[in-house]
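In order of appearance the chains are A, B, C and D, and numbering begins at 1 in each one.
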Amino acid sequence: MIPQPFEYARAKTLKEALAMIADGAKPLAGGMSLTPLMKLRLAAPERVVDIARVPELHYIREESGEIHIGATTIHYEVESSPLLRAKCPLLAETASRIGDIQVRNRGTIGGSAAHADPSADYPAALLALEARICVVGVSGEREIPASQFFVDAFATALEPGEVIREIVVPATGDDTGWSYQKAAQPASGFAIVGIAVRLRKESGRVALARVGVTGVAGKPYRAERVERALEGSAGSAADVQHAAAEAAEGVEASSDLHASADYRKHLARIYTMRALTTALSRIA
Amino acid sequence: MKISGAHPIPAAPERAYAALQDPAILAKSMPGCERLEQTGEDEYRMVLKMAIASIAGQFDGRIWITDKNPPEGFTLNVEGKGKPGFVKGSGALRVLGNGTGAEVRYDGDVQVGGTIAAVGQRLIDTTARLMIKRFFDKLAEQLAAGG
Amino acid sequence: MKQTINLTINGKSYSHEVEPRLLLIHYLREVVGLTGAHIGCETSICGACTVEVDGKAVKSCTMFAVQADGSKIVTVEGLAANGSYHPVQQAFWDEHGAQCGFCTPGMIMTVKQILERNPSPTEQEIREGLEGNICRCTGYQHIVNAVKAAAAKMGA
Amino acid sequence: MATTTTKTEPLIGKRIKRREDPRLITGTATYVDDIQMPGMHHAAIVRSPHAAAKILGINVKPALDLPGVVAVFTGEDTKDVGPVPCGASLPGLRVPHHYILARDRVYFVGHPVAVVVATDRYIARDAADLVEVDYEPLPAVADPEKALAPGAPAVHPEWPDNVAFTYHQEGGDPDKAFAEADVVVKQRIVSQRLIPSAMETRGVVADWRPGDKALTVYDSTQIPHLLRTLLAGALGIPENRVRVVAPEVGGGFGSKLNVYAEDILMGFVAMRIGKPVKWIESRRENFMCTIHGRGHVDYYEIAAKRDGTVLGMKLKLIQDLGAYHQLLTPAIPTLSVLMMPGLYRFKNIKADIVGVFTNCVPTDAYRGAGRPEATHGVERMMDILAAELNMDPAEIRLRNFPEPEEFPFATATGLTYDSGDYAAPLKKALEIIDYPRLRAEQRLARDAGRLMGIGISTYGEICAFGPSPATPAGGWESATVKIEPSGKVTVMTGASPHGQGEETTFAQIAADELGVSIDDVLVLHGDTSVVQYGIGTFGSRATAVGGTAVYFALQELKEKIKRFGAMLLESDDVSVTNGQCICNRTGNAKTLAEIAGASYRAMKLPPNTQPGLVSTYFWEPPNFAFPFGAHIVVTEVDRETGDITIKRYVAVDDCGRIINPLLVAGQVHGGVVQGIGQALCEQAVYDENGQLITGEFTDYAAPRASRVPWIETDHTVTPSPVNPLGVKGVGEAGTIGASPAVVNSVVDALKPLGVRHIDMPMTPEKIWRIINKGTNA
């Protein structure tokens, strides 16, 4: 499996990278999405700009109650970051479920988000966290809420010439429960269903419920019906079961060799129940 | 692979029926259509540059229409090949009135071969539906704009 | 258009002109002549091509050589030192962790990373750590034993 | 000169670390793709994307125009080469002519159409895209039962019924048995298509020396000598001018027990371009074009008495052959028929095979080759019968085993089981797992609403292939043992291992027989210009047949050592022990090195004795060997998702005498996991148009470490009387025993829901549907 020829340049700065991207070069960071497609010759960019070592894109830092993650931060760094494990454990847990050690050593959060694979793990967590995707192009920067970023299968709100600069997630406290639960496709490890949950309770009631769903449909989505059903409830087992039943309502589910649409929808309900239950149990 | 579904079209059924066979409208609606030229009665040649995120591939194909039954429906046949593989399919399209406009129901069978069949399993269904949706959205857009 | 890359492999410096599309695995095997890492699946699943780039185990079939420019690479050939095997290599031998041996170099490189990050993994952690490596011969059990043995030895 | 030595401990039966491992763990072994040669070119193959199509034209010019491309060949160029050989013969077998490159028609996705040769691997790949092939697609059929239906597309137009052969076998009086039975149970059982997927794909380096008119082929093969014979025939080169080298081979599982179009094609290309050429199969090609395994649809009926005594079995076996016969394709289901009685006293059997052409890659030998299908069938049927009679699955098995004193035991299929105590491993496994306690635990689990299952399989297998009259190309194996002038021992085996560790086990045998250190023994294999003619490693035969050949070569060699020893020690009463020849009266001894030195210097020779210490032995086995065992699997099914968890796996195998327990354990583990793979997740899936939609490891689910259980192994030892080592064979045992044990366990878990059978693979979705409908979806 050998890709078609292409030109390659490594950007040293973000500015340099943006100029090349504006000029039509395809950004390459870890290459866990793009390189396999190039090897299959399903993708054949003429020019590639390597942004993996652009220093302005590589960091995890906390600023005023939010955590900023540079686009080229690899999954392993997210998974093992003490900051994220303490203050945004949902994202760390999700990262730890992506692919395998080697993939997590190369793949980047920005690359995964930009590729918008409908079976990728991160989008579920980004939706549940109400993350903001900060994108930058030669003409400037803008922020896109995760809920508007994932437009369709492999399609994002990124405009030509734009690249993800960072992803911003809220720092959560002990009052927040979280869980990422996944049914993995047995061969590829991609999510047949992946459910990310973030919950907060106030005086015995679920004050906030956010549920991100990946793998089920052509694009990741927020299971808002589940959220509405749970918010305000005590979060009892019955509440969870009742809410989880809505996980795939009104969704046109995907179907493939590994899982039919029916089964996907069923798994969405079961895994939502499990993720909600785990998340509730984790509230301190 | 079976594909079926329905999409609303903001136009009268007759208008929708005609639009579905109008090369100019079709060319603008087909996602990635580079060229669409008539090669015979109800028969067209099409060059399509499929681009879904990083996935890109050029298909060269033939489209022909059979079983015409205006304004209720017809059968659309497609055959195309490119480096990523080949696509072959036919589907029955039915145009129904739905009060304010029309609804197009489609029910077809698509065969896919080559790399896309061998490795694209988890993507074919999603991608096909995405392409169909984009097609009808574009079509609806043009009809709404009076195109 | 070819580009020059400079990198260190198993402690030695190399400089070559390569096509940007040259995969790291082909570079290592065919340009440098280190044939220990193998091509097993080509789709970033099986891990037979695993090598270490800047301290991280990666699948070298899904990386271009140009991306490794300036990096330090360690392959299975670079593990033995001063005439003795790396503890992971030794454990694979002692515990019969290899049968046909084709997946073995990639397995060993992954196991090295597992143990660097978690010096005393449980059986479940070992098995999950091997998610990116397929072995078709051993049923993994002797590999799991090898990881345990290596962990014991390295921790001692 | 007398020397004293300490007695060496026998090595047979010991956990000896493998001799081959130092090169494997250091990455310095040489597999085919590691071979580089001056001037070596690279080949890429253009393959059909259609399952059935006419080739209307091929335009190679754009490819030829690419700088670096030296040649493009099509079916027109190679029409007089080949064909790809079928080594199996059955009465009335229809054998399509199997060109090495398609001529006017393609028959399956991946069918080779053209070969591009370039100076560089990357250029060859680029050029393959530039070959323009004009196809007229034709209807295809990928399902063997659909292929048999009237009006199905004809895979080969000359045989519109798609039937390649039918085969009938009967033993006893099956109709009478069924007429007299208290109970008859029937079931359709599918053994799905599997992809062997050795981690190393196939590969060939062919090197033609025009001056010598000689071809050297480095090939990832299990059968270098047979490959040489057949390559020579296909290419029209005298056999003695073809050398085949199997270098390090990265697994085979039967898939490299073959002669493929590409093997012949690379020889052709090397001869045409006059330069060495390399072709390394991509993983996609491996999935599309290397043989698949299994592909059975079986209709079983068994007749029994109310007390569970089995009387007879009927089997209608539909074998999906694919589009062609590879080396052994049509022979594989006949092994299923031989094995169909399993370990039980089925005195009356009837079997009918229909071999069916489909527009798919051919099936052929994959780990177990015919026996896993048969064992899966009989073991499922025994459970179905037990359920019907409300008997315990262990009890029904124990009731139907032949007793140890009944051996050799003649089966209704014409085999003679060599030796056995079939109850022993089952009883041992039941004890290990504490069966009564486990059943009690299961009752509690069921009461709590959990789906817990216990599955048993007691398998037997035909191995140590085999008596030559029963094998297509000879079933013997060869060995040469040499004692070099310095006293070092070289063993050359015709068996060609590819991961089994014969360099170690055969060295153990030689070291023990001669009483030398294992470090003084080297085992060579795989090179036809080094090793005498041999058969190869497959069918769990290497140790039982190849090891026995080594043993007999050693006996002859020892006789010769004794003759030299007797001469040097001036004694007529000597023996070979501890690396010496010793005078039994005086205790005086000569070391092997001293004797070897004397034999090669040949200053003086014993009467009627040639110089040198070399012995070659071709051993013909009088029978197969028949290992057996019992596997017990505990599973739990997640009622909500259909996920199956294997909680415990106990395997008690009887493979006769064990040479190296470490290696036997490795074989059992690996075999079991491939059986678990078939039971749970592996399947080669063609869509209805013949597209292989499990085209890569991204969709073909080979088991990962996290999905397989810890396997508890134990043994009983019933030596085989067939060979003096008493060994039987273990390479395929795990695979054969595993799939029915796992399926029986899951069916048992779902028994409260009225489930009686589930076809493989038992994917979570399938189980979920069954749980929700109580039927086999």
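Definition applied: a contact is a pair of C-beta atoms (placed from the backbone, for glycine too) under 8 Å apart; a residue touches a chain by one contact, two chains touch by 3 or more.
As the structure is a computational prediction, the values presented were derived from the model and not from experiment.
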Is the number of contacting C-beta pairs greater for B-D or for A-C? A-C
Most remote chain, CA-based centroid, reference being chain D: B
Between chain B and chain D, what distance separates the C-alpha centroids? Give it in angstrom. 49
List the centre-to-centre spacing of chain C and chain D in whole Å, with centres computed as mean CA coordinates. 29
What whole-Å value do you get for the distance between chain A and chain B if each is reduced to the mean of its CA atoms? 31
Chain D residues touching 2+ other chains are 121-122, 129, 282-284, 693-694, 696-699, 702
Could you list the positions in chain B whose residues touch two or more of the other chains? 83, 115, 119, 121-122
Note the residues in chain C that touch 2 or more other chains, in rising order. 19, 21, 42-43, 45, 131, 133
Could you list each pair of chains that touch one another? A-B, A-C, A-D, B-D, C-D
For the chain D and chain B complex, residues of the former touching the latter: 49-50, 109, 129, 137, 284, 287-288, 687, 689, 691-696, 698-699
What part of chain D is in contact with chain A in the complex they form? 121-122, 125-126, 129, 282-284, 640-641, 681, 685, 693-694, 697-702, 707, 763-765, 768-769
Using the touch definition from the top, list the residues of chain B that touch chain D in their complex. 1, 83, 85-86, 88, 111-115, 117-119, 121-122
Residues of chain A defined as touching chain D within the complex: 1-2, 4-5, 41, 183, 186-188, 257-260, 263, 266-267, 270
Please output the residues of chain A touching chain B within their complex, sorted ascending. 26, 33-34, 37, 40-45, 115-116, 118-119, 152-156, 185, 188, 190, 218, 252, 254-258
